[in-house]
Structures are given as structure tokens and as C-alpha cells.
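The first chain written gets the first letter, and so on, giving A, B and C; residue counts start at 1 in each chain.
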Amino acid sequence: MNAPAYNFAYLDEQTKRMIRRAILKAVAIPGYQVPFASREMPMPYGWGTGGVQVTAAILGPDDVLKVIDQGSDDTTNAISIRKFFAKTAGVATTTATTEATVIQTRHRIPEAPLHAGQVLVYQVPIPEPLRFLEPRETETRRMHALAEYGLIHVKLYEDIARFGHIATSYAYPVKVNARYVMDPSPTPKFDNPKMGNCPALQLFGAGREKRIYAIPPHTTVVSLDFEDHPFTPYRFDAPCALCGAGDAYLDEIVTDDNGSRMFVCSDTDYCESRQAAGHRGSESAAPHKERAHG
Amino acid sequence: MSVMIEMTGAEKTFTMHLQGGVRLPVVRGVTFQVKAGECVVLSGPSGAGKSSILKMIFGNYRCDGGRIGIRHEGAMIDLANAEPRDILSVRRATIGYVSQFLRAIPRVPTIDVVAEPLIVTGTSRADARQRAGHLLRRLNIPERLWTLPPSTFSGGEQQRVNIARGFISDHPVLLLDEPTASLDAANREVVVDLIDEKKCAGVAIVAIVHDDEIRRWIADRVVDVTAFAAAA
Amino acid sequence: MADVQRETQCDQPLLVAEGLSKSYGRLAACRDVSFTLYPGEVLAIVGESGSGKTTLLQMLSAQLASSAGHVSYRMRDGVLRDLNSLGEAERRFLFRTDWGYVHQDPAQGLRMAVSAGANVGERLMAVGWSHYGRIRDAASSWLERVEIDTARIDDAPRTYSGGMRQRLQIARNLVTEPRLVFMDEPTGGLDVSVQARLLDLMRNLVSELGLAAIVVTHDLAVARLLSHRVMVMKGGEVIETGLTDQVLDDPHEPYTQLLVSSILPP
């Protein structure tokens, strides 16, 4: 018996049209959360349904797709989603950031600089940056509409009062195009500077909360702060143990039961590319070949 | 000397709704003038309406008819028909009132009770307190009492605080309701001196005093309010 | 030039209410209320529950649409504007800067889970203050002014007593130096000694800052202590109005006489 045939990229064309309209509106109003009729996807809420719907709506037969989860192409979820699109759209997939045209990501921005023509699709859990301070949706909508953002500064003030510094280390709120305050999804604040003036298009999809928002290429994105407590990106103490990169976001890996650990690039493609180019860190193993994906 | 107070046909009646609407006419046809530097004493038996007339001039009691003219900032204003805002302005700048019993806001120290009228017209707190202290000393209120609220003072002490508060500013009109009632001879003399000084400074004074001797000392004219008795 | 402007502003009405009415079907909660409030004046609206005084306060502060009548407010630029003509953004901005609103229950006027400093600083941040140190200093000095120990600046109002919460609410409202403050039973529900302290504080602040205020209360003692003028309401109508000492010492209307005679003498 033949396996059932899927429409290209799983979603029906009318749904894709609806999502693209929402995307167009989002691109026209940078940082503004556009409501959309989120569909039932073959994965539960909380597993990237928003990102998958955005990707499905924009994918074309000639696209090359990369999927990462916390920077890695190898995790179960990244592999699942990549296989999902390989099966339903038949598009080429890759782990190389520079070769991809569409990159779907959970909670990280790739280290390799993006270029024009690429689209970065973020998976977003809670799109509303004010949600934890103001639970009422009616009130947060008003605040965005009237640009009343005193409350977000209250959160930052509280951090400084309590911890001596702004303690938000991920999902750090930003002001987009000098108008809307946006939650960049739970990417580390280390990644915030990459969002500003980026040559690629950045799209954000929240499936459970049913919102899409966007940052068009070359848009100003400013992380919120105080004059006397300016935004500082996180700095690591040591370079990557495998490739020696000093400018990448590092994951902590526990290596044995005695508590030894090493810090390694979270972006696996970046780390592997550097190692293939000959860079070495203090702990690097023998150079290994890049595996082909199909 | 210019006329500071001009009452013409003023009248007042109380209607006690809680007692079945019984009407208590107090005064009718009140007409008299007070010039700057003059002290007019209202005389008459108790209950005749002397205090009521003073309160009407101050705007504390509302007037049911007639006219109460006050010279305020160069022009005559009819207090009987004035806006509340204007009455406040007159009280701030023109009329001072020493009531029969001290009514002070609770918990405010004596020195500040006395300094208050100067502070609201713009004097600095420090200067106002200094002048207040000067007056209190003259009225024999010892310095150790200045930081206490006057509610615990004796009747005579309270009255002297009341007088200090009324006399501290430079209002061109002063209304005095029994200013010497609870005072001993020495303090009565001080008050008479104060009244004299005000008269010399051109202040128009309307006073109620029962003591004949005090009346002789301060009154330029006596107005008998029984002439304004309203028929019941 | 600025002094001349300020003087002329003092002569001009700050808030003008004309024929304000509110009905819910056949029930007239508030009927034909008109008055003028000048800068620095405190007006008390006195009445028992059901008199319409809270409805009136809500209409005056643009929180409730009237069924008839107008409310006009003189903005900081000197122009008298009908509140209905203001856009929502303008009205909300007014509410956060030039006006204050003190609720009877301080929990309604505060963010209970956020520190006292942030509560006071929020309005400043909302109008663009972006220096943490200066925001904190301003919050600290206001806590001092309302007699809250500045060591408690980082505590949330959840940990405060009722009287402290109310004083914090006042600080939160006054930090942007509003010209008009609305107060709804500000001392309701507090212990007598706490009430007294709060009233003293309010009286001093009002006179120091030259605030105009509209205070709704059922307590005549509060009216006598705080206000220059008073309006007595019954059944949705203003039955008597005048200077506070006039209305309380020489009440004309039967209901006013009843209210005044009901106060226990000291």
C-alpha cells in the first residue's frame, strides 16, 4: 500500500497563504506580534510548532534547510524536524550555516554571520515580553499600542535592586526599530547583538500562543538597559576546548563523575568548521569528517 | 480714614430641620460701618447675636439677606454673595479672626499653629516661627510649651495661643470674640496693648467684650446689637 | 515670564464639571453635578454609601463615561480641554503624570509583588527616566517624605502594614508632581491612629506642593481637616455646597444638619 502523499511542506496552500499574510504584516511592523490561526501540527505544543509553521509557509523546492536546537544539528528535535521537512517537502538539508537558505532554530543564533537571502526562523514559547509582569492580554496589547513600556524597565530595575545587575541572561527584551519592545525568544543575551542590522530576515513563530513577529533585514535592535547599567554581552573566561574559538557561546559539558567539565561551542557547525580549518582547542580529539545528511 | 467694613441690612435665621423645622431668627437689618484704625465693640446680652455677626463677617456663617461689604485689595467686595474662592482669598489677605475658643488642627505644635497664617502667605517657616515665638513670649506662653500641641493647655493658655495666631499677620481687619475672657489681669493688659498697636497700625477691629473696663480701654464706638434683634 | 504664567494659571480654573450625570437604565446614580476647582484647592465630596460620590469621582477622573455633561481640565500648556476630546493615549498619559489617584485599598493602586522603589520609580520610568541611580534616589527621597523607612525601599508592599501601603501609594502618585489628586476614602479601613498620621501627612503635602485635590469621604472629620470646600451628596445629587467650615458650622439642608449632628463631639 502506498504511503499517503503530503502537500508540499505538510500544510495546505490556504493555510500557507494565511501564514504568509501574517508574516507580511509582521515584516511591515517590525517587532509587533501578529496573531495567526495556528494549526494542529504532528507534534505537541512546546516542541516548535510555531517555527515549523513559519518554515512550512516559506519553504520552496529550491531551498536548503538547516535545523538547530540550542546550536546543535544533532539533537533529537533538530533531527526530527529536519526529517519532517525532508519527507514532506523533499528539500535539500544541510548542517552548514553558510549553505542554508532557511535556518530554523530553537534558542540560539548561529555564530557564522548570516548573509542576505537567508531567513532565520525562531521557535518562541511566550512571545509577550511583558507577560510575567502584566498577566492581562488586554492590558499588554494596550501597552504596546500606546508604547507604554515603563513596566519593562520596572523588571530591569528590580533585577538591579535585587542582584546588583540586570540578571536577565536569556530572552533579554529588545526595542525593535525604535518602536516595539520584543522578546527575542529564549536565546542567550550573548546573541542579542547579532539581531541588529542583520542582513538576513528574522521570523519568530509561537504556535501555542498563536503569534508571529519579524525583524526585517538591517533593522535597529537595541537591548533595553539603564544609562548607568548599560547592556553588556556575556563574556566567557576561556575559549572553546575543541576549536579554541574565543568569540562563541559555549556549552558546559560534564566529562566524568569527579566533576570535571569542559566548555565547548554550542554551535556544532561552527565548531566543526573551525576544526576542519585546522583550529585546535586544549581538549580537541583527532580531526573528524563531517557526516553527510540526506 | 477709609471704611473697611460696611454691613447693610444683613440678616440671619437658623432653620432647625431636625427639630421639626423650627426657625430661629437671630438678627435682622444689621447696619454699621467700621473704619481703618477704629475699634467697634458689639454689646448686648448673651444670645443676642454678637458672635453670629462676627461669624457672618468672617464668612463662617452664611448670610440670608443684605450686604456685608469688606475692603479687600483696594475694592469693596460683598461677602454675603461672594464665591467660596473669594471668601478664602479675603480670609488669607484681609480678615483675621480670633474665635472664642481655640480650634486648632490636632497634633500640630503650638509654634506652628501660630506661624501658620504667615506661612500660607509666603513667609519662610523660619521667619514665621521667629515672629510666632516673639508673640508667644509677649503673651507669657513659656518656650517649653511651644513644641506641644495646644490641646492639653489650660483654657487661658489656649486663648492666648488663639490670640497670637490671630494677631501675627498684618490683616487690615480683625475680628475678636471675647479675647480676654479666660485671662488674668497681667495677660489682659498685654492683649489691650496688642489691640492698641493694631489700631495705631490702621487695622479695623470689631470686638466682643463683656468686661466693662476692657471695653473702656479699647472701644472707639459701641454698637448695641439689640437694635438688630429679629422678631421671633 | 514663567512667574507671570504661574500667577495667571492660579487664577484660572483647573477642573470644570458641567451638568455631569450618570444613569444606569432608570437608576440615576449621579444627577447634574457642576463645579469649578482652582489650583491648590481641596474639595471634599461627602455623602453616605449610595450617594453617588464614587461614581462622580470616576467620571471626573475619566475612568467612567458620563451619560450627560462635560469635564474639562486645564493641561500644563494652559489650554482647557474637554476630557472626552482626549485620545486614549493622552488620557492615560495624563493619568500617569499630571494626575494622581489614591484608592481606598492600597493594593489596587500598587504593584504588590514589586519593590517599593520600583513602585515609586515606575511613573518616572514611564516618562523616560533611564538612569537607575537617579530613579532610585528620587524613590528614596519620596519614601522619606511619606515617612517610610528608606531601608525598606527594596521590600515589596506585600510586607508592609496597611498604613505604610497607603503612604507608599501616595508617594507613587506624587512622584511626577501632579497638579490634581483624586482620593477615594483614603483613610478608610485604617486604625484611628494610623488615620490621624496619614491625614497629617496628606495635609502637609497638599499645602507644601500646592496640590488641588478631590477627596471622596463619608467622614466629616476628614473633610474638615483636609478640605477648603465641601459638596454634600445624597441620592446622586449635590444638596449643599460651600466652604467646609460654612457647611459644617452652619448647615442649611436637613440632610446636612443630620450628618453634622451625627458626629460625636470630642
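Throughout what follows, contacts are C-beta pairs under 8 Å (C-beta built on N, C-alpha and C of every residue); 3 or more make two chains touch, one makes a residue touch a chain.
Keep in mind that this is a model prediction, so the values were computed, not measured.
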**OP:** Assign the assembly's chain-to-chain touch graph to one of these shapes: line, ring, star, complete, other.
**Re:** line
Original post:
If you average the Cα atoms of each chain, whose average lands nearest the overall Cα average?
Top reply: C
Original post:
Of all chains present, which has the mean Cα position farthest from that of subunit B?
Top reply: A
Original post:
Between subunit A and subunit C, what is the gap in Å from one C-alpha centre to the other?
Top reply: 48
Original post:
Rounded to the nearest whole Å, what is the centre-to-centre distance of subunit A and subunit B, using the mean of the C-alpha atoms as each centre?
Top reply: 79
Original post:
Roughly how many whole angstrom separate the Cα centroids of subunit B and subunit C?
Top reply: 32
Original post:
Taking the complex as given, what residues does subunit B use to touch subunit C?
Top reply: 15-18, 55, 59-62, 84-85, 87-88, 105-108, 120
Subject >> Residue numbers on subunit C that touch subunit A, as the complex places them >> reply: 88-89, 92, 96, 111, 114-115, 117-118, 121-123, 125-127, 130-133, 135-136, 153-154
Original post:
In their shared complex, at which residues does subunit C touch subunit B?
Top reply: 38, 41, 196, 200, 203, 207, 225, 228-229, 242-243, 245-246, 249-250, 252-254, 257-258, 261
Subject >> Residue ranges of subunit A touching subunit C (in the complex, touch as defined) >> reply: 133, 142, 146, 148-151, 153-154, 157-158, 160-162, 226-229
